[in-house]
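Notes to accompany the following structure.
Here the chain labels run A, B and C in written order, and each chain numbers its own residues starting at 1.
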Amino acid sequence: MIEIDLEKEGVRGVNSRLHSLPKDTNERHWLVKNPMGQHAIACGLDAPITVEIAGHAGFYCGGMNKQAEVIVHGHAGPGVAENMMSGIVRVDGNASQSAGATGNGGLLVIKGDAASRCGISMKGIDIVVGGSVGHMSAFMAQRGHLVVLGDAGEALGDSIYEARLYVRGKVTSLGADCIEKQMTEHHLAKLARFLDQAEIKANPHDFRRYGSARKLYNFNIDHADAY
Amino acid sequence: MCGIVGLYLKNPKLQPKLGELFKPMLIEMTSRGPDSAGVAIYRNPAKKGFTKFSLAHDDAKFGWKKLSTALKTATKKQVSVQQIGNHAIITTNAKEEAVTAWLREHHKDVRIVGSGQAIEIFKETGLPEKVYEKFDLAKAKGSHIIGHTRMATESAVTTAGSHPFATGADLCLVHNGSLSNHNRLRENLKREGLEFQTENDTEVAAAYMTWKLRQGSSLKQTLEDGIKDLDGFYTFCVGTHDGFAVVRDPIACKHAVLAETDDWVAMATEFRAIAHLPGADKAKIWEPAPQTIYNWGGH
Amino acid sequence: MDTNIPRTTPRKSATFDDYTLSEIRRAATTGIYDIRGAGAKRKLPHFDDLLFLGASISRYPLEGYREKCGTNVVLGTRFAKKPIELKIPITIAGMSFGSLSAEAKEALGNGATLAGTSTTTGDGGMTQEERGHSKTLVYQYLPSRYGMNPDDLRKADAIEVVVGQGAKPGGGGMLLGQKISDRVAQMRCLPKGIDQRSACRHPDWTGPDDLEIKLHELREITNWEKPIYIKVGGARPYYDTALAVKSGADVVVVDGMQGGTAATQEVFIEHVGQPTLACIRPAVQALQDLGMHRKVQLIVSGGIRNGADVAKALALGADAVSIGTAALVALGDNDPHLEEEYQKLGTTAGAYDDWHEGRDPAGITTQDPELAKRLDPKLAGRRLANYLKVMTLEAQTIARACGKNHVHNLEPEDLVALTVEAAAMAQVPLAGTSWIPGKNGY
C-alpha cells in the first residue's frame, strides 16, 4: 500500500499522482492520510485502483469516478461520488447531501446516513445506504437503484422516472408521481444482490419497493398540480 | 454567500485558548468569503448592572478616550473604554437607551455594532486572516465565539454590511445563503421602528429577530416564526449569552455540519473548518436537519 | 330609422390585441401554458438604438485591408493552462443535440471551424460528430447533467457551467416528448417519447460559494487545463458577474432575454430576464470594480444579428459575443423557400417557433430523419462561415472608421443613443446632447 500525505501534497498533489497512473499500473493500492475534510479528493479517477482515505472527506470525494474503488474511512461531504461512471465508492460514516448525484453507473455504499437529495437525478448508479436518507432523495431519478435500510425523508422519488427504490424503514412522504410498487421474486433477488455487493446484511423481504406511477410522462391537465 | 463557523467550549479549561482554537476555523472559510469577516466573542462578562457596547469607527485614529469621557460627563455614570483596532468596547452602568441616544446625537459617525453583558463584536472588510490580526483575536479568551466570512451577493462590500449583525442584548446572527423576500420585510420592519444601515438581506433577518424578541417572543419561537416568515435559502447561526443556536431553511441547500466532543461543540459550513480542532477526528459529526432548531448553552 | 348614421371605425384593443386574444382562446382550450422556442420577440431597446460616431476632424480612420484591424480574442487567461484562441470575437452558443438534429450540429461545427471560432454543446451532452467537426468545442455543464461524463469533459476545449440563460433565468419545468427519439433517449438516459422535466438548479451545489468548490472539482478532473465559463441569464448582471468572478470563472457569459431556447413557456421568454442592452454595462462595471476587465473575459449573447451589433457589444466592454438564433437562420431556419410547409404548420417563414414539436421543415430543430436529411452539413456549414465572415468584416469596417486597429479598442465614447432608454441602458449620451440618464444626478 502506498501512503500519501494530503497535508503535505495538497489535493492537487494527491490527484495528480492518482491521475497520472497508467491503466495497467502496479501501484494499485493507495492510502491518503490527513484528508482534513478537503474537497475533490480522488475525483476523476480512471484506473482499477483502490484508494483509501484515512479520515473525513469534504465535497465531491470520488466525483466522476471510473473503475476505481474509493473508501472513505470517515464521513463524506456533499456530492460524494457525484456523476460516478463505474467502480465503487464506500463511505464508512455518513454522507452529506446529494450523495451519488447524477451518477451513471457503479456502486455507492454509505454505511451511515445520507442526507437530503441522495441519488438526485441518478442515471444508472446503484446506491445502498445503511442508515437513513433525507428529504428529496431520488428526486428526478432516471435510472439505477437506491436501497435504504433506514428511513426516507419527505418527498422521496419526487418526479421519478425509471429508477427503483427499496426502503426498509419509514417513508415520511412520497414525492410527485412516486408510488409503492409490488415486490416480486425478481426484485427480491436483485435487492439481495445489491446488499451482497454492499456487504450489508439485511433481509430483502423487509423492504418495500417504490417507483414511478408514470402519470407525468405525458402531460395531462388533471395532473397539473404535481408540477 | 459565505462561510459561517461557531465554537462553544464545554470544557472551561479550554477558555484561555478560545481565540487560538477558532483562528484556523475562520481562516479555512476564506475562499467562501474573501470580502469581509467578523466575529462575536463572548468573554469578560460585565458586572451586574453594567453593559458592554461594541463600537466601531472608520477612522483608526478616532478619539475613543475623549468619547468615553464625554459620555461619562453626560450620563454621570461609570464608563470605561478599551480600544481594539478600529473598534472599542465601552463598559458602563448607564442605561442602554441613554447611551444609544447620546451616541446618536453626538456621534453619528460611530457605529453601534453590538451590546450585552458578555458579547463583543468585531467586523471589517478584508481577508479573514487580516481581520483576525487587526482585532488581536488569536490570544483571546472566552466561553464561545461565532464568526463569518463574507462573499457579498446583492449588496455592497462594506463593513456595515458584514456579519455578525446584533439582534439584541448578547444576541447576534450570522448567515449563509440568500433571502428572497427581505426587501418587503425591511419596509414592514421600518414601519415598526427598526432602523437599517445597509441593503443587506442578513440585516433584515437580524432586525426581524430583534423585533420578535422585543415583543416578548422566546428565541425558540422567534426562530420558528422565522422559518415561516423568511423566504429563501439560509443557514443561520445565532450567538446567545450562553451558547449558540443553528437553524436551516426547509429546502436546506446551504450545507452545514455540527460536531461535538466532551470538550466542545462546533458548527461550520464545511467540515474542513472543524477538522483543525483537537479531537475532530473522533468527534460525533452530523448534519442539522432542515427546519429544526439546535441550541447549546440554553439562552 | 335613419340609415345614414355613420359608424365609427372598428377598433382593436392595443391591450387585447390579436395575439393576446388567440392566446386566451388557446389556454382556455388546452389547459396548458404555451411552449415555444426562440427568444423574446417583442420590441425592446437594443443595439439598433445606438450609433457609432465614426471618423471626423479629430479622429482618423484606418484604410481598409492595408491597415490592419485585429479581431482575435483569447478566452480563459485567468486560470487555464490552455486558454482558447479564436480568430473572431463571435462564438456559437450552446444548443443541444436533441433540440437540433445531428446534421445541424455538424453544420455548426463545420462553419465555426472554417471561421476560426468555437461551438458549444447543449443540454444533452457531447456527440462524436460535434467533437469531430468542431475544432474548438465548449462543453456545457448544466443542471440536468444529461450525458455528462469525465471523458467528454477531458475532450472539451472549455467548460461552460450554465447557471441560467436569457430566455429563462430560473427555468426548469416541463418539455413535451416528441423529440426524445431513440438516440436522444439513450444519451439522456430517459425513456423514449416522454415529456422531459428539467431541473432549474444544479443537483449538487447552490450559490457562488459552493460553485467555487464545484469549479475546483472540475479543474481537478481536467488537470486545470481548460477555461471555465459561467453562463447567466440577464437577471442581476452586476452581482452575477461579480459572483462569477469570485467563484473562480475564467470567462463570464451573459445572455439577455432575446437569447433563444429550444423550448420553454412563452411567459418565461417574454417576461423574465432583462434585454441584452441593459446587461452589458453592469457586467463590465462589475469586472472593472474587481480589477478584472479583460482578465476575466465577458461574452455577451441574446439578439446579436450583424457586425454592428458585434461592434457595439465590444464597444460597451464585452470581449466577444455569441450567436444562437442567428446561426440557425444562417443554416436555413425559417427560410421563405419553405413557405408552403410553414403554412401547413399554421405559421409563416420568420415566425416559426414551435421547435419542440420536432417538425421543422428546414431539418434543423428536428429529430425526424426524413426532415433532417434536408440539411446538407457541408453546404450549411459554408453558409454559416460566410455569415460569420460578413459580421466580422462589418465590425472591422466600423472599427476602422472609428480609428481602431483592433475591435477591442472600441469604447463607449464611440457611441451615442437614439432614445432615452438606450442612453440609460448603454450609459452613452443621447445623440446631440451630453445627457446620460441616471449619471451625474439627472
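Annotations for the structure displayed:
We adopt the following convention: a residue touches a chain if its C-beta (ideal position, glycine included) is under 8 Å from a C-beta of that chain, and two chains touch if they have at least 3 such contacts.
Since this is a predicted model, take the numbers as computed values, not measurements.
Distance between Cα centroids is largest for the pairing of subunit B with C.
Of the two chain pairs examined here, A-C and A-B, it is A-C that is joined by more C-beta pairs in contact. The distance from the centre of subunit B to the centre of subunit C, with each centre set as the mean of the Cα atoms, comes to 43 Å. With each centre defined as the average position of its C-alpha atoms, the distance from subunit A to subunit B rounds to 37 Å.
Each of the following residues of subunit A touches two or more other chains: 39, 58-59, 78, 97. Shown for subunit B are the residues in touch with two or more other chains, namely 253, 255. Under the contact definition stated at the top, the residues of subunit C that touch 2 or more other chains are 210. Every residue of subunit A that touches subunit C in the complex is listed here, in rising order: 11-12, 15-16, 19, 39-40, 43-44, 46, 58-60, 63-64, 66, 78-79, 82-83, 85, 97-98, 101-102, 104, 117, 120-121, 123-124, 139-140, 142-143, 159, 161-162, 216-219, 221, 224, 227.
By the touch rule above, subunit B contacts subunit C in their complex via residues 1-3, 31-35, 151-154, 176-178, 233, 253-255, 269.
Only residues 30-32, 144-145, 148-150, 153, 173-174, 176-177, 188-191, 194-195, 197, 199, 203-205, 210, 213-214, 216-217, 220-224 of subunit C touch subunit A when the two sit together in their complex.
Of all residues in subunit A, only 36-39, 55-56, 58-59, 74-75, 77-78, 93-94, 96-97, 115-116, 134-135 touch subunit B in the complex they form. The touching residues of subunit C, counted against subunit B in their complex, run 201, 206-210, 212, 236, 239, 242-243, 246.
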